[in-house]
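Per-chain numbering from 1; labels A, B, C and D assigned in written order.
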Amino acid sequence: MITSLRAAVYEFVHDGDTLALEGFTHLIPHAAGHEIIRQGRRDLHVVRMTPDVVYDQLIGAGCVTKLTFSWGGNPGVGSLQRFRDAVENQWPHTLEIEEHSHAGMATGYAAGAAGLPFGILRGYIGTDLPKHTSTIKTVECPFTGEVLAAVPAITPDVGIIHGQRADRSGNVQIWGLLGVQKEAVLASARSIVTVEEIVDELPEIPGAIVLPSWAVGAVCHVPGGAHPSFAMGFSVRDNAFYKAWDAISKDRDAFTAWIDKHILGTADFSEYCESVGIDV
Amino acid sequence: MITSLRAAVYEFVHDGDTLALEGFTHLIPHAAGHEIIRQGRRDLHVVRMTPDVVYDQLIGAGCVTKLTFSWGGNPGVGSLQRFRDAVENQWPHTLEIEEHSHAGMATGYAAGAAGLPFGILRGYIGTDLPKHTSTIKTVECPFTGEVLAAVPAITPDVGIIHGQRADRSGNVQIWGLLGVQKEAVLASARSIVTVEEIVDELPEIPGAIVLPSWAVGAVCHVPGGAHPSFAMGFSVRDNAFYKAWDAISKDRDAFTAWIDKHILGTADFSEYCESVGIDV
Amino acid sequence: MSEYTADELMIVNAARQLGALAAAAKRQCFVGIGLPSTAANLARRLYPIEPVLIYESGCIGSKPTRLPLSIGDGELAETSDAVVSVPEIFAYWLQAGRIDVGFLSGAQIDKYANINSTVIGSYESPKTRLPGAGGAPEIAASAGAVMVIMRQSARAFVERCDFRTSIGFGDGKGDRERFGLRGGGPRWVITDLAVMEPDPDTCELVVVALHPGVNRDQVAAATGWAVRFVDDLATTNEPTAVELDTLRALQAA
Amino acid sequence: MSEYTADELMIVNAARQLGALAAAAKRQCFVGIGLPSTAANLARRLYPIEPVLIYESGCIGSKPTRLPLSIGDGELAETSDAVVSVPEIFAYWLQAGRIDVGFLSGAQIDKYANINSTVIGSYESPKTRLPGAGGAPEIAASAGAVMVIMRQSARAFVERCDFRTSIGFGDGKGDRERFGLRGGGPRWVITDLAVMEPDPDTCELVVVALHPGVNRDQVAAATGWAVRFVDDLATTNEPTAVELDTLRALQAA
């Protein structure tokens, strides 16, 4: 189903939902995150291996009550200030966290995509993570007796990703760093994919995968919708924006003013781009 | 390491080894199977989801004492006559079988490639397979209490596949139906890949995967080495050969004469091709 | 009316059911080579809302221009929306519940629609060794619904299978739930004589329709248990000229 | 000799070790962005047998022409032998034992080379909330060997980490075996002052080499436990002009 991002978020994302806005540096669905803030969703449980700027925005804007993650930083810059403020000072309110490793979350997504209740890995053992994360358990191999770590399947209500391309039937094509994009869509009950372009026919691209239309919920045409992340073949990562975010997000008032002006004060992603002065 | 198929089999395949010559209809390493017969390997445990003509040849030629499999037929034709004769009449000797489903074996290969001792699936439950296959057990989900099937990792001594192409460093490129080709190589302690061509540089091909040279054992240049199976982009399946195999293999003497003449009576795959009159 | 073979009869009836399912938004078919693949490709040509063909070789959304001769036919990969590995097709697509209808066949089916494709006789000393399970156990477990296509005879339609390769309804109603199976199990058994469906109360296969010109005695004689017939027993429509012409053109391509 | 920074010193020493490993057929490096990526790319340029760079974003055999700014830099994917999904890179490549050397860093390291990148203070009420585990726990568990690169200070090199994000040698020798870990654990800790290695008998980190111009007191003062020095304490070679020029050209590209 090809629709507007506004309509997709309105229909698919509800207060109290578990969401995964995924992207391993590449193809992060920033525009979709903004629209969730704009529509004032609350009490969200957000899941992501690498929560970065868009999760910092969702957390600071008060949309989030729980975060499941494995690495929460501003890559190449430092801390996620709004995430830290929420964990260290409960601002704007308490943030429950469920903390994993990358391998654990990747295993959980794969289990979710495969319809399994849990996944197994050689991981976590000897670390303090299982003491604090109740969703890390163990299973014994029924053949060798080895003890392995077990994590529950990640099964969000809504999986949201950015991708390069869709055709008019809604088949989605993604290439470059694939991250857990496929798993995030397949593990979720509903899904939203924003894309750079919608074409009559998907050309063959080396390294590309296709998610068939019937396995995807809404497809939304949002060129540049990953910014400041990128879409290989269409854009490059806006490293300056990531650096600038540190200053904006360090101060609560500056952050709130930024959200008010650029997200809440704009009607959609193209107005947002104009407002912040980026050309996508 | 780029070497001859004769040298690769000589070095990597030993009496008593567990082998996986994989190929899900596509890219089946027939030439490698012939070379194993030629070199007179014995007491092999052969593993494959879809044992077809090449496993029928190995079994009939007396190389095999155990077969692990999930579907043993001549696709589109009917029975594997040598396999049936071994199971039903112990000819040329007793054949131990370990029988799974496709999903179970795919799970076992994936576990093997991932360095896990076992894999889990929603499978086998309610069937008679677990009564006869001791490597089908169950595990309980530590989160939901659900009972799932568990299979041990498949970890052959040698994984053998055919592929389309390698570069001179031994990086292997495969496209089209991928089957469990990647998993068979990665799950195995050693591996042999026969390829259609060796090139200076691998061109980018939509849908292609690359196995890096350091994850592959021997790479052997054997054009047509999948025949009567095929290599997408190079050949088509020789359905007539599969049909003809039924008559050859139905009779023990006809089979033995065929093996004596075309496999044991030839020095290598190109002589074999000449002997059976195929043009690869 | 032109004449038609038993295979054509089964294929046309299976295609009709697939067309009805696709129209009800149950489009994703997990197809094997042979009659199921032919039926699914026929349905793609006959109905405005086409089934989506998914092959266990990893092809998703195949649109072959001619019938594939094997499940690994290059044509399947070349015309697919996506080609994935075999571990992925079973885990992310079948097991995850993304398949609306799967096809099964076998050497034996019993009255609770359990299927045997493993051995005739005992497992240890089989009278006939069959190819084995393939994808069947997990299709039976996880597909939204299962369609069985088999020629009917008292040797094949048995009180109890020699070996249970894939589960239908086990020993009767409630077994699927007890086993925690997520798929709906067999819904239609299409033979060269009749169409059977599980009785809603007992899950025993009962005859819901006879093919044109077939009578109850013929079906009873070709069934190894005391088969029942529903009260409102139907007769299937004769294959139409369009159905047969399309099927034959497909098979000739 | 030109002057050099502490980072340059650490990078050059790490690159030398990677060069030695590659020459010994231990070529596969699992690299993070920052110092490890710079060191690995430097080694690719300095030594005839190049390390194979594997990034957790799924890039295998990357040969970037310039230093990637993030682990998801397009350059990494475009110059790789293969790009795989994140579940695959962790399962089929790291967990399966295909990585010879992994890099770790963190806010704290303790005397058994356990590393903290999670919190300073208590987990429930952290003084400083750090980014967290990322790939570290499984790199620490499964890489053939681990190289740690960290600036040395008594605040960072502690008796016991506030939080154990990734395991070195746990509470001492034998813990890795008890936990069933397949990887070899930390082998080298390269700081801006010295190089440490685990004592073969106790697994406690001991100083095996000082950088040029650094003395024992400086290292002892920058270590939060009573650090020991090996008898045959070495001094690392000054970064050469070739090493520094190559590094700076790489960073300027």
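We take it that contacts are C-beta pairs under 8 Å (C-beta built on N, C-alpha and C of every residue); 3 or more make two chains touch, one makes a residue touch a chain.
This is a predicted model, so every value here is computed, not measured.
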Any chain that touches chain D and chain A: B
B-C or B-D, whichever has more C-beta pairs in contact: B-C
CA centroid of chain B to CA centroid of chain C, Å: 28
Rounded Å distance, chain B centre to chain D centre (Cα mean): 40
Averaged-CA centre spacing for the pair chain D and chain C, given as whole angstrom: 57
Of all residues in chain A, the ones touching two or more other chains: 110, 115-116, 121-122, 146, 182, 207
Per-residue overlap in chain C, given as positions that touch at least 2 other chains: 91, 95, 142, 182
Pairs of chains in contact (touch as defined earlier), listed by label: A-B, A-C, A-D, B-C, B-D
Residues of chain A that touch chain C when the two form their complex: 110, 113-116, 171, 182, 186, 209-212, 214-215
Contacting residues of chain B [partner chain C, same complex]: 24-26, 49-50, 69-73, 75-76, 79-80, 83-84, 87-88, 99-104, 106-107, 109-110, 121-129, 131-132, 146-147, 176-180, 182-183, 207, 229-230, 232, 236-237, 239
Interfacial residue positions of chain A with respect to chain B in the complex: 115-118, 120-122, 135, 137-144, 146, 148, 150, 152, 204-208
Chain D residues touching chain A - in the complex, by the definition given at the top: 33-34, 56-59, 69-74, 76-78, 83-87, 90-91, 94-95, 118, 123, 126-138, 141-142, 163-167, 170, 175-176, 179-182
Contact footprint of chain B on chain D as seen in their complex: 27-28, 52, 60-61, 81-82, 91-92, 95-98, 142, 182
